[in-house]
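See below for the structure under consideration.
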């Protein structure tokens, strides 16, 4: 029921063509979607400044191009995640103004500059070098959502002086994303050093009993440091997104 | 190396009794703990307004009483979690001014009123009635850390109108904690309705293939709504604590 | 927004006291719950003849009594599941007209006789004798929802003649619920003998590598017989409920 | 013991050549297969209108062609599932009248039109776009078994208005198949909105802690909505088949 | 269709009251159970000398007494497994001629002496002392089924000389049952020393990463010695039974 | 210490060149291997008629050829398992008298005909067609070890008449190997029909919640039929080997 | 074959009563155990100074008393692990000279003082206070085996200054045992700070996704610090024992 | 704060330009890194003789070459693990003086000969031939860290005489690394024969229920032999490293 239909009904109420009880009955029968649709628009307004995100796994290059095309018309900024190199090549030909980051496998298309909305900087940390692609996914996401982002890579717990030596960087961040595989211990250390939200991202790096990231995931969920919350294995995007929401509170 | 020792060293530098190079060497040799101790103090200052938290599992009533005793001297507010009824009775005798909440099994002792530091309200939601104890642990924690807290219980996804009907409550919160067992779907719904950080707490309610909360935990980690982060099964305290940190950014 | 509020708004539209655009705006702002409430009522109407179900785990006897009390006022039939003997005793004192089934731990209170709505009989089968409590939960649920129910117990696959000898019983059922623990093979046999929906219920009977019903659950999910669907371990209620829905199509 | 042998025995009973007791003894000794064989034929009759189904994994194109060949002679409709593109190409050359659906990897060969036997429409829903191949397997199966099928794709829970806006479609279906990966929450929502059987199909889409569909599977088994039953991960065929059986009750 | 009904039908064939074709049709329609019943009797004959086995978990003492009572009438030897001490006491009062073994929790009632049917001795070995109850369940079962049984306890792999020193005992057995918890390595050693069937029984002894016997179970399934087969965790009865079958080939 | 060394020592005892105590001391010091070596020879004698088995995974074609070469010199029959097609091609060139079975990926080289040693026939059964390769590995192994082997393929539980119709084949076997994937239910059926050892082999066929054969494995371990023992997933060789040992008791 | 029998045989060789070949044959037939027995004695000698260890789970107080009794006669020091309070009381009555440690549930009986054999001190560290019982089991074991032991409790990673402040203690240890539950991160930190063997002991403390210590176990196995090895969950004894062996190299 | 800054501060203290209290305050504020940096240098000194280790998974050949280049300048010996053949080829071109071991996939570059620091020999044992690559990784690591290394391959438990025959080799080692897949039983045997530290390395060889090495891992963690510690699946490097640390105590 679009606005016209609703207006029409009310007009007929006003005109007396439709009685009050009948009008109430018809309004009661309003399918959710009409109210819902309104709420979508309202919703969109609230989300202004958020990029549109396309999770590309299982989608063909052509399908992604089509989706991007429709969004570009609406002047949306676009973030494509988990985009393989070969798909990226095809898409880049269509949208040469976009940028492809081969390590985190992210493609961005900035139609209008992301409005700076975050209060402080979001800091993205990794334990090892293999965690960097996931960390970059988080960093790009957070930046794209209007945040200042700092990074600190390869400061894992087996050389504890590395993270301790960067306490000043930790101190000036407002939200910290910690990306780690293997035993996933770094978020506990960081969480114990700062009084800020720490988002832990387990990665599937490692082998054997890391069981595809399960080991890091369980470690992070059992963190002895309060204030640590966790996202899915390798979910850099989710961490960057959540950090952005926190940074706007 | 307490302050006196350090002063003494510097005095002797000043007096020329110790040469610069020797002083540097001795400072270099400073065991971490001394600097560390300094940092604890500094740290504590930053944490002002945080309660001291005692996780009581595996501790006897006497041990808990002793710890509380020491803290009370330092004028710390105290939060004891997972306190069984029988231990609570003994502790309450010693500290009758404290308050025991039998459902979430939390004991609080407020030496001085928690300073209000949160910006907006923290909203704690549960899917079912069995999730309420965990939710109350989160709510008490957040309140104790100086936040205004609202609750919305039993609004699970099998009756979707219940949560939809409370959209206004969702809208006015700054951080939302969603507590759910079974399939753990509620955080995805909430995360899709709002643009705020959602902290998901899986609970061990349910039976059979819920595998002690594993089902809800996995559901939440795989949430299709961006912005959802997760804590350990039944970890209401952790959720309340993380929400408080987010609310202070 | 109850009916009065809505009527009032429409009256004012009719009277010209509120313009069309303003009315539309206000209707758009209708919180979900109001429409929702309407939809609940409508919903309830559709569900007429369904019992109200109370899952009693984690609820105290007093809480259950209070819920029953409120429902009895609405003339609802009531089904309480997983009710321990001691809670049952207390509740039975309050509602002596109710009936308690100690094996499946179900309490029923029939305010008005369940309308017979199912087309054919629902057949509930068990592989062993230890599966009977779960089967009875399914049978009572289905009966309570207005179905004719037949049962066939202890016809497991290690003595295949037992189930084969009851082919006539299988043939005359419209939906079959098969309850089995251990290897959970019976649903495959039954599914291969009939052309009807088979709902498989794994049970937590068994020991060792049955891992609390996981073995039976996986067996049923991998059933080589088409037409078999599965519910949670020990979820007799869910199977009885789903069977009732199928029997009304 | 074929019909001739049996007839012969009875003839000899009639002629008095074999005494009653001896005849009983010999009939008692009848191996299962003879009665069994009879039962197969009877069985087949009951199943008239069902397609023959070939699960192609592990079978070579030549083997599949041979099986199809034999069935075509018996005028059976044929449904081949999980057929890779390269095998499909070879088979299509042999049976050009068949149809190959590359997304769900299904091949159908309709020798005679499927008799319409379902009472209402079967609705197949997906949470995301990656779930569509599995959903199409379900839809084709149900259609092939004589049902009217409707589909509703990409209405997952993170944008709850999408499914709410389609309540009328939900309402007019007789059985609903819900296909979802990740947290597998959609069946709970749908199950809470309708009073019909909901068959939940977990998919292996997702990554990390989705553990190949385990996350969605557990979510669905623990659904808080009554009336939801579950099939194996990615088992669109099984869901379509079970839905067809339900739709014939 | 009991014997009388069948006789009646044949009589009527003989009398000409029923034609051959009609008789064939009616015989074809014979429900499985009648033939089945015949087959049970035949089956029982084959099984002569086997005890009747009652798995007592989930059965009340009264129920067990009733089952024993019926079997005693048929002069069956009876073996009750997993019988708790308190149930045993009640049952022993009713059947004082029976024997209760408190360690393996087995109750036996020998109505007539078990016919010796095994060819050689069955040897039951344990790795540790905690594995003895399960081993005794196996030994009693095998003895009860007419086999000579030898035992060799506490010869685990950490003191390899213990089992090596008993090679003569290993050599003279015809089937060997090896009961072990923890890493479950003993069956591999034994399987490498002999050319006989080795039945491995994992036990749930141990703690931590033994995960209730999973560790021993997996170890045994992956045995590098050929000829080792495995039964469920703690399933001494199953091992004794299988060993008895092997010993009769 | 070979025989000569030992003889020499004893000769010197006899000659008085070595005192008794010194001789005892030297005998005590005999390293295990000497006795061990003796025992190996003795062992080999016992094993006469067994093929030498080479598990080829992780070995290069050249390495396998070298091992075969050495064994052929000793006139051993050889069985190579899990041999990929390309390695087989290379090996076949070297040993053209050998035979390669591409489905079960087994290569055999019979230097002298396997002595018939089994008492009865070993029956190998499969539930589905995808289980045939594993079954053939079992069958070839058993045949190679001197047993008569019968096979019965594709008689799974969803069409129970298929196995029931072959009861005579079951009855005449002395040991039965049952190969099944998915729910792994067939061994329970077979175990309930016969009084013989049943060796269950789970296969990794299936998808989703079959978890690479875990589902079938658990089903078989929890079999409600006594007398069923289990080997590792896809371990046709182990089943054939164990069946051969049983058939020689 | 004890020494006398062997001497006798050699005497008869010497006397010519037994020929060389016959003697060789008889020596070849020596069952392993005789040599084995010799090797046990030799073994025992090597192990001088080691306590006898009794794992008490599953043993009754009387059984333990009997074992202790026999060992005391041999003047062995005795260590009983996992001894419950009630069993301890009974045993202490019999052996009042022994000592019971209620927290780690260890009972020791020192017949003669443990010879100091370790080179440096073994350091036992815990992350939290709940890990102390397991740590004490390790410490008592190491002390009992002749090592100097130091302990450092409650220095977990969420307050990283606590362990850093004790670097001097770390530096002077020769082997370090690190006991930790939850995320099990402490061994990585310690392993990164020192160049010594670190033995990690996961504990079953924690709740929810700690899954009985699995989380800590996986974390430790995936430690990013080289030089860390792991023992079973809660296996303080094993860690203390292994540390003792390392300290004697 | 580098040395100059510190010197400068002390100079000003000496000069009276900075008061004692102010100096203390500034020293207190010393960020961790400054002290930390000092400690790194000190640390490095301690580690003299250790190779630099590069875990190559996830790093490109170019990245590895760059890291090696920087290290070579510092005259470090270099060990690259898990290096694929194609990367090795590229790296070898740049550093032809290095050595590549294709089986364990290790590349070493010895700038100066490793100082012999181990006391006794480290013995590396494998159960099967498929475990050799992991064992060689351990052996090369230990050798590179200055130890004498012995190896003993293919002495698994199914032919127990193989390991028993090598007791002398076991006896003369100071630390033993045992590499095994499948049931992982060999470390228990070895641990029972010697009084030395045994490091167990599970391997991912095997199939089916070996679950990628989980079976061997659990077996080793549950070893009934005291003194066994465990590293991650396939972690030959970690075992060699830990053995080296133990051999230096």
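Read from first to last, the chains carry the letters A, B, C, D, E, F, G and H; within each, the first residue is number 1.
The working rule: a contact is a pair of C-beta atoms (placed from the backbone, for glycine too) under 8 Å apart; a residue touches a chain by one contact, two chains touch by 3 or more.
These numbers were taken from a predicted model, which means no experiment stands behind them.
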Give me the step distance from chain B to chain H, shortest route via touching chains only.
1
Matching chain pair for B-H (criterion: over half of the contact pairs shared, by residue number), options D-E, D-F or A-D
D-E
Which chain has its C-alpha centre farthest away from the C-alpha centre of chain B?
F
At the largest C-alpha centroid distance from chain A we find chain E
Turning angle required so that chain B lies on chain G, C-alpha fit (0 to 180°, nearest 5):
90
Can you compute the centre-to-centre distance for chain E and chain G, using the mean CA position of each chain? Integer Å is fine.
38
In angstrom, rounded to a whole number, how far apart do the mean CA points of chain A and chain G lie?
50
I'd like to verify one number: the distance from the centre of chain D to the centre of chain G, where each centre is the average of its C-alpha atoms, in whole angstrom.
58
Intercentroid distance (Cα basis), chain E paired with chain B, Å
54
Set of chain B residues in contact with two or more other chains:
32, 39, 159, 164, 208-210, 214, 217, 221-222, 226, 232-233
Chain pairs that touch, as defined at the top of this document:
A-B, A-C, A-D, A-G, A-H, B-C, B-D, B-G, B-H, C-D, C-E, C-F, D-E, D-F, E-F, E-G, E-H, F-G, F-H, G-H
Report the residues of chain A in contact with chain H in the complex, numbered from low to high.
129-130, 161, 164-168, 205, 207-210
Write out the stretch or stretches of chain C touching chain B in their complex.
31-34, 36-37, 39-40, 57-59, 202, 204, 212-214, 217, 232-235
List of chain H residues in touch with chain G within their complex
46-47, 50, 53, 119-120, 174-175, 195-197, 199, 217, 221-222, 226-233, 237-239, 241-242, 245-249
Report the residues of chain A in contact with chain G in the complex, numbered from low to high.
127-128, 156-160, 164, 181-185, 188-189, 191-193, 206, 208-211, 214-216, 218-226
Touching chain D in the complex: which residues of chain E?
3, 6-7, 10-11, 13-14, 16, 20-21, 23-24, 27-28, 30, 32, 35, 38-39, 42
